[in-house]
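Going by the order they are written in, the chains are A, B and C; count residues from 1 in each one.
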């Protein structure tokens, strides 16, 4: 009943996101707040970013999806995150967990595990982070890398879009998590939402790399490419493998 | 005695700002600190940004103007803001209030109202924020939108410069508030200072849009345009209506 | 035994940094975290940025060098900085102190002096900051300005690379400190590491200015230039004077 996850489906999701302009509340590290806000806006979503424990419930409850990113994690943001997750769950909103560098910090790993028990809609992690965490069956798991692997229960797929320069710009992984949250606001199947977020970022990166000279111009072109991306670009450029049981 | 607010007046203010290089202390959300600092610097002002309660009095007292922006508002920044406003008032400095999203957060709205009673020189708000706050008569009120409306007592004017891409880049509204604060440092009439800040941003945006492909390149070109803007550009491009009693 | 500090030496350090990809942990003001992270990454180093007191020991101990930047200094970041410096010292890692605007804030100046007693490997300061602090003999002192002066004991040198537009972009001084920390991770002589960091930034700025129209495009081109800089560029463009006892 989830339907095929192919270029037509993802192209439709891009059109739906642009029409709905979902609000994505981001509990995010302080390093890349501007870049992630710009990326969400460029694609067509509406970001908000407060991590104040006393404000987060109102913002998260009014948003269409919540991103929880554990970079530069403070005790205050842990508190705000717990409040925000409860507000999002109470409002029936999807939420995405990006357990940034939970393989380096013990307190961050413990907090990531606590959040995983709250059943995030989607977890996005790189290989090192993925190696130290486990999600419950109802959570979709995205493992990013040279290829991006997505799994939910016995469904799985692999995406091959992207460009090495994504790794030369700080925060593109954080932006991936935010875009996935944006698509989760307009698509109930977490696997399709995850695929859409990674596909638009990967294809935009390919377009941007054609025009860039280095990481500075690539970051600029990436925002332009996200704004200029059309559903037809997904038909033309999506590289997806279906695999798994 | 305030004189006409026209292109010649605003062109003179731009020249005066460049000559005086006013320091603007910004109590600002964490999302767009870099963009606002870059924008102030590009135009010719000098930003400082600490929101530490123990440091803010020294910075605010030495600055030529203070910006109070309520985005991503924490309890610590509320405390710093109260200290900073007192320091600015004691030093006789102008200060600008930007009550970001006070229509969404109850604690932020209560704090905005408390600050309004302290008689900010200028308030800059969008339509949704404006709908939930009232300023005292001695405060100039700027309501931004498709056109920007400014009012102080029975004086009023409307500015029509700008470009839709300003809304596609995070923090351009916050930058508007900072530029207004910069002009308030060199011009005692709050209505003229407000008009100068919005006019230079709007005209720079028009110039930037001529060279940009999307929101990424627009943000870059906007900084270049602020730096390259000349008094003559105000004569050529200012679109202003005088209205009100 | 330290060897000459000349273009060949600095070119070798650039190649070494690119090969080793040192991790630099940055305890940094909130304004320019993205720009500094992008600059380190563009050159070939790996940034991390958490200032959480409970996380900093793990990050600093795993890093190859530590940057302590006192901009937007809060009580929480002072606490994290003390922990981070102890972790770096215990692990035998070099650390760089950038006492941003310690000439403006009394609490910042007192904290800078406390840190100076902990014997940073290198201090980087502008003239106003330098005027209010003293380093111990075993600390290399960099004073930035129209020319950059470096001194360690009775050794001294002056670098003349750079471009006025560096002052038109927020955070390029902070980036200089971070690049110096990156080189300190791959070079035991603090004077050579300091010279390498300032030289690559200054030469990259010269390259960027050739392609830029204003401060927005200059900031973009600067990141591209850091990524594209080759050891041969140091041979071609380094302007260094040896002076002192």
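Everything below uses one rule, namely that a residue touches a chain if its C-beta (ideal position, glycine included) is under 8 Å from a C-beta of that chain, and two chains touch if they have at least 3 such contacts.
In UniProt terms, the chains line up like this: A, B, C = Hydroxyethylthiazole kinase.
On a predicted model such as this, the values are computed, not experimentally measured, just so you know.
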| item | value |
| --- | --- |
| Both-way neighbours, i.e. chains that touch chain B (Hydroxyethylthiazole kinase) and touch chain A (Hydroxyethylthiazole kinase) | C |
| Magnitude of the superposing rotation for chain B (Hydroxyethylthiazole kinase) and chain C (Hydroxyethylthiazole kinase) (Cα, nearest 5°) | 120 |
| Cα-centroid distance, chain A (Hydroxyethylthiazole kinase) relative to chain C (Hydroxyethylthiazole kinase), in whole angstrom | 33 |
| Shared-contact residues (touching 2 or more other chains) in chain A (Hydroxyethylthiazole kinase) | 30, 34, 219-220 |
| Chain C (Hydroxyethylthiazole kinase)-facing residues of chain A (Hydroxyethylthiazole kinase), complex | 29-32, 34-35, 71-75, 101, 104-108, 168-171, 212-217, 219-220 |
| Chain A (Hydroxyethylthiazole kinase) residues touching chain B (Hydroxyethylthiazole kinase) - in the complex, by the definition given at the top | 30, 33-34, 37-38, 41-42, 47-52, 54-55, 58-59, 62, 76, 219-228 |
